[in-house]
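Okay, so chain A shows up in both of these, paired with chain B first and chain C after.
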Partner chain A sequence: MKNQLLLKNAGTMLVRVLFAVVAAFPIVFMLVSSLKPDQQIFGDMSSFAAFLPVGNISFDNYAAVFDRVPAARFLLNSVGVSTVTVILGIFVNSLCAFALSRMQVRGKKIVFTAILATLIVPFQTLALPLVWWVNQLPYFELNGFSLEISKGWLDTYQVQIVPFIANAFSIYLYHQYFESIPKELDEAARIDGAGWFKIYRRVVMPLAGPATATVAILTFLPAWNSYLWPLMVIQSEELRPVMIGIQYFFQLNVSWGEVMAYASLITVPVVVLFIAFQRSFVNSIASSGVKG
Partner chain B sequence: MNKMLTKVLATSIAAVTLTAALAGCGKGSASSPAEGSNEIALWTHNAGNPDELAAVQKIVDSYNASQDKVKIKVQAFPQDSYNDSVVSAAAAGKLPCIVDIDGPNVPNWAWAGYLKPLELDTDLSKQLPSTVAKWDGKAYAVGYYDVALAMMARASDLKAAGVRVATIEQPWTKEEFQDALTKLKALGKWDYPLDLGTAGTGEWLPYAYSPFLQSFGGDLVNRDGFQSAEGKLNGDKAVEWANWFHGLADQGFMAKKSGKDSTQDFLNNKSAIIYTGSWAADKAKAAIGEDLVVMPPVDLGTGPKIGGASWQWGVTSACGNSEAAMDYLSYSLKPENVAAVAKATGAIPATEEAAAQIPAFAQGGADRIFMDFSRKYAVMRPETPAYPFIATEFGKATQDILNGAEPKSTLDKAVKAIDANIKSNGGYKK
Partner chain C sequence: MATVPLPTRPRVPDTSKAAPPPSYAKGNARRRPGFRREQFSGWGMIAPAAVLLLAFVFIPAILGFGLAFTNARLISPRPIEFVGTDNFSRLFTDPTFYRALLNVAYFTVVIVPVQSGLALVMALLINKKFRGVNFFRTVYFLPVVTSMVVVSLLWLFMYRKDGLINEILSNVSFGLIHGPDWLGEPNTAMPAIIILSIWQAAGFHMIIWLAGLQGISGELYEASQLDGTSRWQQFRYVTWPGLFHTRSLVLVTITIQALGLFDQISVMTQGGPMDSTTTIVYEAVRSGYRQQETSYASAISLVFFVLVLIVSAVQRHLTREKD
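Right after this comes the complex of A and B.
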């Protein structure tokens, strides 16, 4: 009986390991290829050597990346834009979900349904009208002691952030999570003299850690991977995010080693974030009944 | 209650301040210059291509130093996403003064009202014909260079198979090409002896494969008025092309989907003949040396053909100082400037005067053959605003045919879509 159980566990483990290896192959290929010259990458392609750091290995591709692309600047831009989007997204979306979950407001179901309905509309269909809209917004700039007002948000940092703060899916996730938190806790806090904002800040949000972790990841990933939007609204090199940077390598003669080195560089922050929040992420997805 | 309101208010103010602080991070340097400024923005597709970008920047610097009325400011974008950036800027009314444009797109941009006709103090008749983009009888863009398609192989491989080297005087005929591929395949050295870059996407498909169609006697559209593709893209000659093209894969001469980088595969001896552009020549020469042979494309009936036109420069209709922009373009077309950019890119210089300044492209130079190909074989992609749509339809049809779709009905479908598009746009008349 014990042997049977051991055998079963070993079998399950083997299947898991196989899945893990298959899933890891592209990442291993990327990391290994980033250390090889172009001709060797293609030469190794037909054998297992494609996944092994063998042959002419060096960090030359990484050095070349920084010569071709202002990679540090792009990384900094993406970290900044993604982080601010996440922070403001958590604040705004959780507040919205809290109001929809806890406050007794007439028509809140209609509001919630309307918010969810926006999930159906793909971003690509909104992109061009949105470009027009953001180009109509007032832009305030301090010039010495005078405040200058001009029109249009194109080619700024905030145009990469503000349109993505409010997010229907984040509101939904928070709403579902808040629904699972007993309302009696609110009432107890209210007896102790807490107002709505204190209940939100001191009672509900501290219990919504897994939802916050999920929202953080689900907001961070699209912000980090953002490509179409910055392509349309950013013209200056100093404001570009990392994903635009990858296009720098696709010239008539593509330097594949450099592509792999750059891809490795920009993948690291995402992997670190996922590992940091992995447990909360899985918990929240499981508890909100959302399938990936 | 008041306390709560104060806190909500404080938090809201904090959030608004944070957003405002972000707003205060400032606009990018490529934003439209302030009114009254003497700055002129120039957009180019050269981000990530340091050599060409440096050559363009050098021309701009020298122009800026030559006068003090205006200052040209360069903003570079990555090539693959450049068109999307320009189209978005046009939608937002934020086009710069000077843009570079991929030649075949010029008529569409001119028709869409993005570009002004050129008024330059330069004799454009000295340019390679494929480096001047015209529409409706007017020149809208001019380039410093062109590129040329060619076939490359190792002389030793051809010799081993008993195949002669094709030359500009005597290109391979369709039958010779079939024979050459059969013999090379029989050597057993390669899974597929031919690599036509079938993994390519986007503009590569019409750029690379429509010249074969034209060599058969077909075309992408009827060039007499550019109002229909009927009979040209689905006529007998076009069907003949489709059968031949699919046959290359069917007979095992080439892969339906080649490797991602044909040049690298060729250098790794995974193919005997590649069909690529002049841009790959330097890399191939460096790796293979004297064994490399550069040959013209196959004569499939009406002589070898290659696609004409590369990146060119134009002035946008949004430009508030088009006189200065035109002046800059005229200045930039000086032979030494054209030569400098062509040298940096390894591309074919647009004029003989510039070619004379680059040993490789001067008479008898190692790369002169590409200039000869361009002069002798280049066919402009149809100079119609419908071209981007035609190119997409042709690309889809080519891939379908390669993957086994019935040629005639596939080409009929493409023709139907192209004709409908032209009709729905009022014939793309001005």
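Right after this comes the complex of A and C.
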């Protein structure tokens, strides 16, 4: 009986490892190949060496990437755009969820329903009308002391940020999480003379850490990974985010070592960030509203 | 099992619908101290998100609907004119559009069961605590944090005729299998894209399944263990019914994601070879962005949206709670 159980557990572990190998091997291959010259990548492909950093290992590919592409600029753009989107997104969505969850606001049910309704609209259906629409929006620019108004948001930073700040799923996550925080806390704070914004900032938000971690990751990932949208709205090289940089590698002779180096360069920061937040992320998704 | 309640039996008061404390009751809400201030601050807090959603979801959605019946172009000196259903009649006579519909149907029909099934298996594997559980959770989730664009690029390289996939196939079969040029042939291009899509996204749905699994009370498992059930019986009679809500959530999210297939196509095949991988969204972007025909692209988007609505409605109907 005991042996049988042991065997079963070993079997389960084997399946776990198998899935882990399948999940990891392309990523390991990418990282390892980024350190090898092209010839060796193809040479190692037929053996296990494809997954090992052996042979002629160097950072030459990375150096070449910075020669071919303004990679530093693209990274900076993506870091900026994603960070601003995440910070504003956390603020705007949690504030909205706070009012919807913890305040007696008239008409909030209709507002919440309308917000949730936007979840069924895939971004892809909005993208093309949205391009046309942002091109009609006014653009205010402070030039010295005179305010200049021009038309069209195409080819700017804000067109990569503003449309993605408010997010129904983030509002929903915060709403679910806020519901689990006892309302007596608000009452107590109110008796102490705290205003609503103070309750939000000092009482509720400090308790909503896991929800914030989840919203941060779920906002950061699409912002960092966005491809379709900047492809359509960004023309100038100095405004491009990292994903668009990929196009540079297929213009002239393709060097797969360089492609893998660039791919690693734009993936590793996200992976590091994810591992840092991993625990609270998985826990909060597992405990928050996703139960449906 | 239908028991008819005796009319004489006193009804148990429904506590869930009982009136809240007096100060919150609807009738005298206006008289509550701070009511006006609460309205004012409340709307002030809702406003930023509401205005942004209005400006970047509701308005473009309505605009898209309207533009589909015009001849609008992205940048055009001509004024916009109403052209009725011209865009739609053009769309419905375009063989590429039907090919795109067919491809998306193929993709979705395979992806939905396979990906949700694999994701569930992965969630079951890492549901219970064991040494190294966090390591496995992280590794299973790694492909999800990798951008679909990077994933497509990486697999584009691995799918070459002399690429990693074919080398692995050749090695494990002792040189018997010589894989095809996966993305270069109409028959294998879509299956190749399906495999990489599952590889990338299964981890996300694993997390959703995991959330559902964590929600099932441990007592149920203990009780079933006392009854001496097998692992399969436990899954069949405890786990599966307990995942009722999660199931429909996973189903809906995978389906919507599958219908919107775009990134992989744009990076890997551009719809080819011979339209064997083109999709609705890809066609919309091709006409709207490359050819700047906003109106025609809006028409495609509208058809796509209706399709998503119909599919989700059917799924909701099929997975509704049956009494």
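Methods note: the second predicted complex is superposed on the first by the 264 of 292 C-alpha atoms of A that agree within 3 Å, B and C clash if a C-alpha of one lies under 4 Å from a C-alpha of the other, contacts with A are read in each partner's own complex, and residues count from 1 in each chain.
Everything that follows uses one rule, which is that contacts are C-beta pairs under 8 Å (C-beta built on N, C-alpha and C of every residue); 3 or more make two chains touch, one makes a residue touch a chain.
Values in this document were obtained by computation on a predicted structure and should not be read as measured data.
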{"item": "Side-by-side fit of chain B and chain C on chain A, or clash", "value": "clash"}
{"item": "First, second, both or neither for A:F274, with chain B first and chain C second", "value": "second"}
{"item": "Partner chain(s) touched by A:V162 [first = chain B, second = chain C, both, neither]", "value": "both"}
{"item": "Partner chain in contact with A:L221 - chain B first, chain C second, else both or neither", "value": "second"}
{"item": "Which of chain B and chain C A:L128 touches, first, second, both or neither", "value": "both"}
{"item": "Touched partner set for A:I181, first chain B, second chain C, both or neither", "value": "neither"}
{"item": "Partner chain in contact with A:L116 - chain B first, chain C second, else both or neither", "value": "neither"}
{"item": "Chain B versus chain C as contact partner of A:F29, first or second or both or neither", "value": "second"}
{"item": "Touched chain A residues, chain B compared with chain C", "value": "C"}
{"item": "Touched partner set for A:R68, first chain B, second chain C, both or neither", "value": "first"}
{"item": "Which superposed partner A:A189 touches (first chain B, second chain C, both, neither)", "value": "neither"}
{"item": "Location of chain C clashes with chain B - one stretch out of 127-135, 145-153 or 181-189", "value": "181-189"}
{"item": "Those residues of chain A which chain B touches in one complex and chain C touches in the other", "value": "42, 45, 92, 128, 131-132, 135, 162, 195-197, 228, 231-232, 256"}
{"item": "Complex contact set, residues of chain C against chain A", "value": "24, 29, 35, 37-39, 41-43, 45-46, 48-50, 52-53, 55-61, 63-64, 67, 72, 74-75, 121-122, 125-126, 134, 136-151, 153-155, 157-158, 162-164, 167, 170-171, 199, 203, 207-208, 210-212, 214-215, 245-246, 248-249, 256, 259-260, 262-263, 266-267, 281, 284-285, 288-289, 294, 297-298, 301-302, 304-305, 308-309, 312"}
{"item": "Contacting residues of chain B [partner chain A, same complex]", "value": "1, 3-4, 7-8, 11, 15, 18-20, 22-31, 43, 47-50, 75-81, 84-85, 88-89, 91-94, 147, 259-261, 263-265, 267-268, 270, 277, 279-280, 283, 287"}
{"item": "Chain A - residues contacting chain C, complex", "value": "12, 15-16, 19-20, 22-24, 26-27, 29-30, 42, 45-46, 50, 92-93, 95-96, 98-100, 103-106, 108, 111, 115, 118, 120-133, 135, 162-166, 168, 171, 195-197, 200, 221, 224-225, 227-228, 231-232, 243, 246, 256, 259-260, 263, 266-267, 270-271, 274-275, 278-279, 282, 285-288, 290-292"}
{"item": "Touch list for chain A against partner chain B, complex", "value": "38-39, 41-43, 45, 67-69, 84, 88, 91-92, 128, 131-132, 135, 139-142, 152-158, 161-162, 195-198, 228, 231-239, 244, 247-254, 256"}
